[in-house]
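One chain, chain A, links the two complexes that follow: it is found with chain B in the first and with chain C in the second.
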Partner chain A sequence: MGMNTPTGNVKLYNRISHTSTAVFLVDFVAFLIDDEGSSFITGLNKSWLTTNGGTGGSTWKMVEAYSSAASTNRQTPPTTSGNNALDSFTGTGFSWKTGSLLAGDWIVLECGGTNPFHIYIELNSTTQIGYKFMPLGDFSTGGSAVSPPVSPNGFSATAIPGGGSSSSLNAQTGYTSTVYYTGDAADRFFSFHINLATFMYIGETNQGASADTRPYVMYTDSDNLRWDMITASQWSRLSPVDNATELTAGSNVQMFNVADLGNRVHYGDVIDATGEFRILPVGVFFDDTNHNHFAGWLVGVGSAPRDGVLSVTSGTANQADRGDDTGDGIGPNSGGEENFIFTSDLNTAPGVMHFWDGSSTFP
Partner chain B sequence: MAYTTKYYAKTGTQMVHTDLSDALWSIVRWLVNDQTSTSTSASSQDAASSTGPAGPGWMLVAARSNSSLFTTRATATITTIAAASINDAEWFYINDGTDTIYYEFDKDNSITPGRVRVDISGDTTADDVRDTIISVINTRGSLSRIAASNGGSATVDLLNRQPGTDGNQTNGHNVGGAFNITNSTGGAQGDGNGTMAGITGATNWRDGSIAVGATDWCVLRSDRRTALGQSAQATGRITPSTSGTTSVTIDIGSQTLTGVAATRTSGWDDFDYRVTPLSSLCDEIVAALNDTNNNFTALGRAVDGSTYVDFELNPANYFGRLGNLVKFALGGTNSYSITPNDGTFASGVTTEDVQLYLKMATPSGTPDEFEHLIMPFDDFVGDNNNTPTFPSTAIGDALQNPVDSTTGLNVGVWIGVADEGMASLISDGGSVEAAGWLYWGDLDAPLPSDSRPFVIWDRADFCRITDASLTQYWNRLSPADDTTFIVGTLVTLYSGSPNASVTRENTGDHLLNRLGEQPILPVGVYFATTNHRHMAGFLRNVYMIGNTSAGVRGTLGSMSYAYRMDNNVGADGIQPVVLKWDGLTKY
Partner chain C sequence: MATPTGNVKVYPNIQHVTTSSEGGASSFLRDFMAFLLNDQTAFGSSAWVPANGGTGGPGWEIIESYSGAAATRQTPLTTTGNGALLSHTPGTNGWRPDVATLTVGDWIVLETKDPYKFQIYFELQSTTVLYYKMMPYGNFATGGSAITPPTGSFPSTGVPGYGADTFMQQTVFDAPAKYRAVAADRFFAMIADPGDFTSVTFEYMGEVAGAVSLDTRPYVAYEATNNCRWDLITASQWNRISPVDGATELILGSNVQMINVPDLGYRVHRYWDGGTTTSGTRMLPVGVFFDDANHNHFAGWLVGVCSSNTDQGAVGAVNNATRGDDTGDGVGPNSGGQHNYAFRYDYTTGTPAGIAFYWDGQTEVP
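Right, the complex of A and B next:
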């Protein structure tokens, strides 16, 4: 159906191990903006992958960054070409240039296109990153060099989560020392998980309403790396009805057998009788009065069934995996089945599936 | 390759039928892309057919009326001889109208690359050879259009499953003695462009005057092969090098062939990479891969190309697109190359077609209805009976039993959508409840091993998407064993708190997107039957929306979709059936 198929190029953040949250964050930003030239990156052992004929990062660029240790500590990239080079920041000790982030350092990225959005990313602590999402792409640059930025040079009133200029962030934990990060990104979204236990998704959806010109959502339950039966308040977005109301009670949309509504298609005790399983798209739905709507399907991310493959909590798969590891070439972890990766922090729940490169080992 | 969508409408004008027999004739005419034939008996609108896009569509396999059977498929015959009278490497070829496939008799475990092996090394009699030929042709299945069957002593009957004069082709051989293959003859009408006026004998079908109830039926065939391409095995080629090799491994499936600087050892999955020249190195690799003591013969067979080695996956296990999932990778430090080099075999295609039986019937105690059934194995033989004998795997409301017991079809407005693999129509009799729905054919996004994802909707009287038990009328042949009749349900979308369907609520609060437009949502089909459980795929060109306050019928998205449901607005758990629509015709 192509519901969760990216329309643009996809690149993969390929199970990269980092020794600290700070190192990961600067490397991940470099991954998003396609910075393959900045000098510090060589030392970071950059190893992200590009697939499908392109880098997929051309529309991601830097808007502004803050480095608490630098003398000139709030900077916008000096040139348009510098938007995609962390090296373009100036001055001594600017952490986004040196790759040595400190707690409180932040950066704002823009994802371009017809209706660009902004993402504020802050290193909260040695084990936590905070996000704030500006679907209208209206972060205001140039204010006081503080963390977090304050009005009027900072967040717009429609920044989510938290709204307004408060310091409320979508805090994502799980960043302890020497952990693995895996994810994917394209022109309009990124998703990744940490150490097979934490999940993040920010960006667009596919096939929502045509009038929804900014179909951008953010996962806010990042310690939950699985598709629960029904859970509201896992997704946030700006209401497409008025482009002003922050919606925080979004839930995932899953497929159910209508004759047995207690069971999702991906929640049975057996895999398909064909010996295969199906990767299903996952949608996002907001049930808020006067704002209820189906927001579309997640891009590059879907659902893997609980059984068969998920007798383990992570691995690689093809849609036709037989789940038996019989050595026929189309069973999990037996070769030739690396077009998707799946992870779950609970082996009794459907897992989160990402597109994958078709050849790399995971986990 | 892609499907071509067409709609049951004249441009800007709804199809209105005042007689169901005339409707059926018009629909058949539409399905076979007949733009010209006219009915001699019906009113002008009933005699009309859609003016949707010309091009491939469903094809007429057989039409029966007036005690006459009209057929359109070409046939041929092979006469076999004892195996001892056939020399190794002798061949015959069959032209199916698309491809000419050479079949080579093999007695020494070696064939010419590009030909299909017919291993008669264990055969003795002419009937042995007959059975081997039938097995080879049918095992490779839809790699060609040809189906083979036992035609009696020393005889193979060949049938071109695709109707049309394209099947009338020259076949040949170089085998001595009494061995023979006839040319293919008897194909009638053009592929995908038959005309009702071209029907001979079965004049009721020719003239648009088919009778109700007893004797007039037809069989159509989908044309997925035109849309998607004919089936093909996934390919993999190894190009070795005699230089620069310090280590080399070749992964095929879960097995690894390892190059070693030593003489090859049978049973060790290795070969001697020191062998020169290149042609000898290819021989060495072929010998290793085809060594029955090694672990590759279950996966397939290597064929020597002198400067390269092709590995042909075993079609019995990795037919068509299943082969695309088999690992094919090169490792080590060497100057070898493989094609494809992205981790798996590639270019495998599986394309099967389905047949559709249609007849006007008068079920006991009910008004006239269509009687319909699908044949997932594309294996209708045909006879000149009032009701033909169906294959054992034909699917209606039971095996070999057409759907005929409903009362859902109506005279009035008809809308429909079809492509080379599916067709779905809605009849609208005017009142809220007078709506009928038909769906025949394939699903989108079937799993790779599910090469015949063909379903039929068994309740024409329910024109609705619902989460009630009434949805358990999706019938198909189980892909788990290709013999069991199973009944499935729809897949709906649930979310939110409290548990709520994305499309199902009384209040309407969930239903009309607050942006003022309806999300067009997919409709999955799921089978929960024990030992046959599977998610089969999604209806194509058919969707659902929320129960809407806009009425029981209408169009959406600048007439890119048309919808209808057979219940009052606001009824619990019922959503309209949405058809992809032509963007031009008001409904």
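Right, the complex of A and C next:
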């Protein structure tokens, strides 16, 4: 009962450096669709590739993409997932093929598994990623080649944030310098952090109610790479009550020592006196009027003690922060048995534990 | 809900009454010991017995017992299973099913099952109070003077109070009351319910799941027995022997629950009534955290019990109306009758989170 398990096999984006967020986005899309063969990706030669000892990518596929520099600049490629998918974009200069994204270029992906959702990802600027989340998987393809896409061939009325509005995107800070990107993904979720500073999670929760067939959430507090305590609106989703209302009052739900309110287990006590520590689950609770509910547990990530309790500086994520895995949710002092990458951008808040596959190397 | 070691057995809300020959507390304690021992012949009509549709008991073992009426302290010939209680020396020993009643002061020590057996001392302290002492190292000293309590027999690592004659105590009833329990190889949890929804009491003794590897005896004992709820206000709800040194008694244990962080003070189950969405009710895990200086640690997750919404089902009820079929998904009946618990809480202090018990999916809950 530490870190919850996602649907499908978890794949690791194992602390990979990129010269810019623009380059990262192309590589990360390749990771999500498991394209290990396209020219630009093999040129990058990053460590998530199976040829480099990585786990390979996930089971997602492309729905449509836009490249402002291309001759045919809005298209669904012939091959939407797997090797050489990015190379299958037609025409010349298509940025998701060449790797030369320009501000405004976008792509829509569909996750794997049952009841797939769509996620719109845009290089909003050279220092910002924009997201639009469509839990019902109903992005409309084939419209005008513009950025962002406009109705009727674009965002659905239930897109998050802002419904079909083309101006509302969930933003995450990016970089024009070389920084590290670390995350994981499976059939129905991805999460990653950039430069030990910004964080994104989009996708499923574990053990949503049975009536909630699309228990998909999106993190909207991306500048906080931690399980924060002070923000009331950290998560958004489409209501499971009516499948129409956008809920914005989602918050982390964490384990609290009730006799000492204000102190989460991972906030008030850095390390167990046993010399070990504990990965604890993190849930998401929505407090929107008439739609309040516990959505379930985040997958592939967990909560860590605020100070890492590791022999390394808080906020790092490298070889020193991981160990062997027995899946017991207990930390490395118990004999090197753990399965995580620890990260927090604040020493006074519980950190984010990412799944680690037990073998992939970290630079 | 975290899973205990071994198969969970259900003591399904059985009523015990006071008669002209036996008090309700004595009736319960003897039947409950038979349940823990899996002595199905002691009180064969009890609803936990498989012949009556029950699950049977976990099969713990008698270490020693004391009968005031018989002025005897003994380890019976058969220490577990059928015939165990009847194997006490014939005569007036109240632990024998053919004797009418226990005498106030009678006690018995039971031992749990492998691995890392521990022992619990049970005493009928009065017609309305049970005494408990947990011995995590299973080192009760048998063979002493036939007295109550057995001064000098408790180990230095007993909980509470080390070797002293100090006990956890739980109110039970010299009147009609229903008793519901779950137990497995290394724990029991029990609710005593007189039916007035305010006087209900709760005890839990035994393992937590997910203890750190060096903590081979992760056994906790609930101290706040008059609070049949996952309380928010008591700092010292749980005791145990420290896993750090194997000797220090820790007393600053508290429930650890899921809190909606922007609304500090509100657990998910206190804040949310569960009735406004299609997502149904939710069973959430409860941990135990010890805050004793130099021994602070997260001990692990309680097994066989968990947290429930404040107003799940009829308030205070533990019956067929508050249970359902089980898919093990931890989601309640609003999602289609899929849940696995019997629910109970004491509502005397507002809207606390309720205690949900494991339910086997078949045993009738009267």
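One rule holds for everything that comes next: the second predicted complex is superposed on the first by the 301 of 363 C-alpha atoms of A that agree within 3 Å, B and C clash if a C-alpha of one lies under 4 Å from a C-alpha of the other, contacts with A are read in each partner's own complex, and residues count from 1 in each chain.
The definition used in the following text is that a contact is a pair of C-beta atoms (placed from the backbone, for glycine too) under 8 Å apart; a residue touches a chain by one contact, two chains touch by 3 or more.
None of these values were measured; they are calculated from a predicted model.
Student: Who does A:His293 touch here: chain B (first), chain C (second), both, or neither?
Tutor: Both: A:His293 reaches chain B and chain C.
Student: Scan A:Gln254 for contacts with chain B and chain C and give back first, second, both or neither.
Tutor: both
Student: Look at A:Asp228 in the shared chain and tell me whether it touches chain B only, chain C only, both, or neither; answer first, second, both or neither.
Tutor: A:Asp228 contacts chain C only, not chain B.
Student: Can you pull the chain A residues that chain B and chain C both touch?
Tutor: Touching chain B in the first complex and chain C in the second, residues 1, 207-212, 230-232, 240-241, 251-261, 264-265, 272-276, 278, 280, 283, 285, 287, 290-294, 328-330, 334-335, 337 of chain A appear in both lists.
Student: In the complex of these two chains, what residues of chain C are touching chain A?
Tutor: The touching residues are 2, 209-210, 212-215, 230-237, 242-244, 252, 254-265, 267-268, 271-272, 276-280, 282, 284-285, 287, 289, 291, 294-298, 301, 327, 329-331, 334-336, 338.
Student: Given the complex with chain A, which residues does chain B contribute to the contact?
Tutor: For this pair, the touching residues of chain B are 251-255, 299, 317-318, 322, 325-329, 342-344, 444-445, 447-450, 466-469, 471-472, 478-480, 489-500, 502, 509-510, 513-517, 519-522, 524, 526, 528, 531-535, 538, 557.
Student: Chain C touches which residues of chain A in the complex?
Tutor: Going through chain A, the ones touching chain C are 1-2, 207-212, 227-232, 239-241, 251-262, 264-265, 269, 272-276, 278, 280, 283, 285, 287, 290-295, 328-330, 334-335, 337.
Student: In the complex of these two chains, what residues of chain A are touching chain B?
Tutor: Residues 1, 3, 207-212, 230-233, 240-241, 249, 251-261, 264-265, 268, 270, 272-276, 278, 280, 283, 285, 287, 289-294, 296, 318-320, 327-331, 334-338, 358-359 of chain A touch chain B in their complex.
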